[in-house]
Amino acid sequence: MKFERNTLLVLGLIALAFPLLVGNQYLLHIGIMVLLYAVLATSLNLIVGYVGEFSLGHTAFLGLGAYTAALLSLRLGLPAWATIPLAGVVSALFGVVIGAITLRLRGPYFVIITLAFAEVLRLIANNWVDFTNGPMGLSGVAQPALLADASPLMAKRFYFYLALGLTAVSLYLAYRFVYSNNGRAAVTVRENRFVAQSVGIRPFVYAMRAFVLGAFLAGLAGGFYAHYITFVGANVFGFAFMVSMIIMVLIGGKGTLIGPLLGALLVTLLTEYLRELQELRLSLFGLIVMAVVLFLPNGLMGFLNHRRERNPSDAADGAARAQGGPA
Amino acid sequence: MRKLILAPIMATAVMASAAAPAQDTVKIGLIQPLTGSVAYNGTADANGARLAVKERNAAGGVLGKQVELIIEDGQCSPANSVNAAEKLIQRDRVVALVGAFCSSATSAVMPVARKYKTPFLTGVSSEASLTEKGNPYFFRSAETDALLGKAFSRLIVDNLGLKKVAYIGVNDDWGRGSAKAFEQELSGHGVETAMIEYFNHGATDFYTLLTKLRGSGADGVFVAAETQDGSTLVKQIKQFGIDMDVFGVGSWATSDFIKITGDAAEGIYAAVPYVSNLPGERNERFVKDYSAAYDHAPGKYAAAGYNSLNIMMDAIDRAGGTDASAIVDGLHATDYEAPNGRYRFTRDGQGYGFDAALVQIRDGHTDVVATTRIADPRADGAKDGQ
Amino acid sequence: MDMLLQFVANGLVSGAFYALSALGLTLIFGLMRVVNFAHGELYMLGGVMGWLATTVLGLNFFAGLALTLAVMGACGWLVDRFLIERVRDQGEEPSILLTIGLSIFLTNTALLLVGTAPLTIEGPLPNKPVFLGPVVLTELRVFAVAACAVLILAAHLVIRHTRLGRAMRATFQDPMAARLAGINTARVYASTFALGTMLAASAGMLLGSIYSTHVSAGGLVSLKAFVVVILGGMGSFAGAIVGGLILGVAEALWGGYISTGTVDIIGFIIVILTLIFKPYGLFSTQVERA
């Protein structure tokens, strides 16, 4: 717990200083994307890592958040400080409904039903032309008013700190959740559902709380996405985002707070820097994903924790390490 | 632990500073979908663009320097295209951007181009509203759905003599826009509408759609689809025994389309802004060079890539430097002799003046039935924003 | 009425095709508990191999199919021995991530090698219309439906009535007991994956001859196959057939009477309803619930 908290603080300080040290806007843009994905991966990790169910429909909440923010901004002219939290709230409400249905299922059935929900929402967004503008998408989502006269560099810094704020909120909520009775109960359920039930934990209730919190955070990320990219189309519900998120969580190490952050950082940098390889880029990316599964089965955090356990000087910390276990 | 996290950031910073400008070339960025479901068309566009740059460099380049074309994969996704644009502008320091293909991706890149004051030209995206957003850095050397519909409706009515038409489009912005535009224009010429239906990109079985088509009582069917979907649809129209005039928009008048569709392609009409057997010496030269480079004749998207790069390079030459506002002025002054006519721009940055052709596929070849000119959209007193 | 008949006929034909393209998935998903996200890419590779065999090597359709099956079977075997083997018994997450990685690799490597153009495979029969009263089919479609039936039957016979099939069923019921009984379970797993791959590849080639194929065709196929498998219940061949037919007819009717633009939604709606009311598939007798 101490190790995890300290690392998070150090990471936070580095992130705070980053925009001041770096004037290159491309790097800032990548930094913003890393933070956006960090929020998404953290939110997905609540479900994959702490409920222990594998959701492939998490883009439902990213998409709902993005569309909520875009529609509120374009149709009602609400400012970003209102649309982004509302995006989280709308996603959380849908999270209640979808969670109530899907969390009754386990294993592969849960995988497929969550995917089905995301696909249904994608198809609705793509076809309900009067409301969502269909495949033409929603363009020109307003940026915050105070950026009207800002230089591109200042705007980038603003977005970076906004994304950093969202990441901090996500981590704080996730941290509070994980180290609360809720979180401990959720981990008990993940590790052994029957034992959990026998000591009076109702798995469904705890899974539901994690699911709704995850939906809320993904909705915030969606709201941020809408204002930053300024265009929202049905592809925010698409499988491509899902694949990125899931790879980040599992490569970083599910069931830890730092893992998804590491995953977001590594995967975003990897996909950008593999651009140098042009055509070979995605083939290589696929190979890397496979290699990670084979050689780092518990992700980077699993690997690091393993190393720390073998290294006696870190043993005190190691005892309090995050609970990343095999599935 | 900390070292592990810092390492990639350091590497990033180092790579970025190493890529700092050493401008002995003029860099132009091209964003196209090179992977994913539209990769086929994006690759054709990139091939055309490469040829244009190669030719220009052989003739001395622009501003006395060689042109360096940097191609990035945007996958037709808004977020990935923005990533590509940020990289091209900020890291590679390109002086101008071309591309993004899908209107959604182009729409997401437009604010980036504006923010960094980088001239941005699309040779493909057809969503009409793109040039109505008042973005001074944005230009389009392609027809909008409405312009194409307007140019062709008369020709179609005269040549095919249709009374009642069914409209089928791929379910995206382009397919919906095209079906709507043609429906509106043809209705204006007194043609009845039998039905309007959309199908999803990548669909393989159209029998349900064709059952509806057969029952609709239409004597002609309009199809907005690209090579993959279009060839499957046309084949199934013939299999289904439907005997209607088929005419469509999309990359239909290409050798690939005819090869894939086989006999079923016989007799269909295509309304295209470019076909490889357009008359004229300028086009002959283009087709010869393109075929020599890629072993097949160019289609609509290859020509779009070729033209958009040439227009951009002309504008940079005209600007006499790489200053953005000078390039924008250069683009406004465009009068480019393309394989398919002369391109000019309206004040909104909408291209016009080039030719489009109605072709029919006969004996495995494309026959140009008629050509028409994409008219200046201001000519009929329509919008003139900004 | 004529329209309805034609819609149902269309639905049954495309339903048979859905069933065929889902067979490989139901085998691997149902017996090995591997949620194979590379299924669509194996299907795509079958089409690409079929195109290489018939167009580039100039073989006829059936020789091409035999070659495709041999090559893809070997690929499936290797994938299992070198990849799936190493994450066996670790729950579903590693295998999902592994197959997602594999699908990204296969799609983009195929794109590098054969390019992005649509590929057509010369079918064994002409695509001439056949009229059955008011209903239109084509010879090739009738043939393909028959071929689906033959493949489904053959796979069923392999599993029910051969030594390998018995070993497979034993292994998946109780791997430990199967090992004790002298069954080489590693080989059984690999054979199952190879068989699933061959089914996916044969579907890819057969349907490639009716429609056309291209390197990014896999994603959509995977999605539809998941729908079929969930409807029919995992690991059940009969279920896959019924699931495929339900999906095919439902799509045809939705497309026919509502709109073709939204046709993909009906499959997912049926999946959600099925999982709410019959969580283990329409035909499953399993009653275990969390």
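Residue numbering begins at 1 within each chain, and the chains themselves are lettered A, B and C in the order written.
Here, a residue touches a chain if its C-beta (ideal position, glycine included) is under 8 Å from a C-beta of that chain, and two chains touch if they have at least 3 such contacts.
Keep in mind it's a predicted model, so treat the numbers as computed, not measured.
Which two chains touch most often is answered by the contact tally, and the pair is A-C.
When you average the Cα atoms of each chain and compare centres, the chain farthest from chain A turns out to be B. Centroids of chain A and chain C (each the mean of its C-alpha atoms) stand 32 Å apart. Between chain A and chain B, the centres computed from C-alpha atoms are 35 Å apart.
Residue positions of chain A touching 2 or more other chains: 127, 279, 281-282.
Along chain B, residues 35, 171 each make contact with two or more other chains. Residues of chain C in contact with at least two other chains: 107-108, 111, 259, 261, 264. Across the interface of their complex, chain C is touched by residues 48, 54, 101, 104-109, 111-113, 115-117, 119-120, 123-124, 127, 193, 203, 239, 243, 246-247, 250, 254, 279-283, 285-290, 292-294, 297, 326-327 of chain A.
By the touch criterion stated above, chain C contacts chain B in their complex at residues 3, 6-7, 10-11, 13-14, 17, 107-108, 111, 115-118, 120, 127-129, 131, 136, 138, 207, 211-212, 214, 216-217, 220, 251-252, 255-256, 259-261, 263-264. On chain B, the positions that touch chain C within their shared complex are 35-37, 39-40, 43, 171, 197-200, 202-205, 207-209, 211-212, 215, 227-228, 231-232, 235, 239-241, 256, 259-260, 262.
Those residues of chain C lying in contact with chain A across their complex are 29, 33, 35, 83, 86-87, 90-94, 96-98, 100-109, 111-112, 219, 223, 226-227, 230, 234, 259, 261-262, 264-265, 268-269, 271-272, 275-276, 279-280, 289-290. By the touch criterion stated above, chain B contacts chain A in their complex at residues 1-2, 4-6, 8-9, 12-13, 15-16, 34-35, 71-73, 75, 77-79, 82-84, 86-87, 89-91, 103-104, 107-108, 111, 115-116, 127, 129, 133, 171-173, 176-177.
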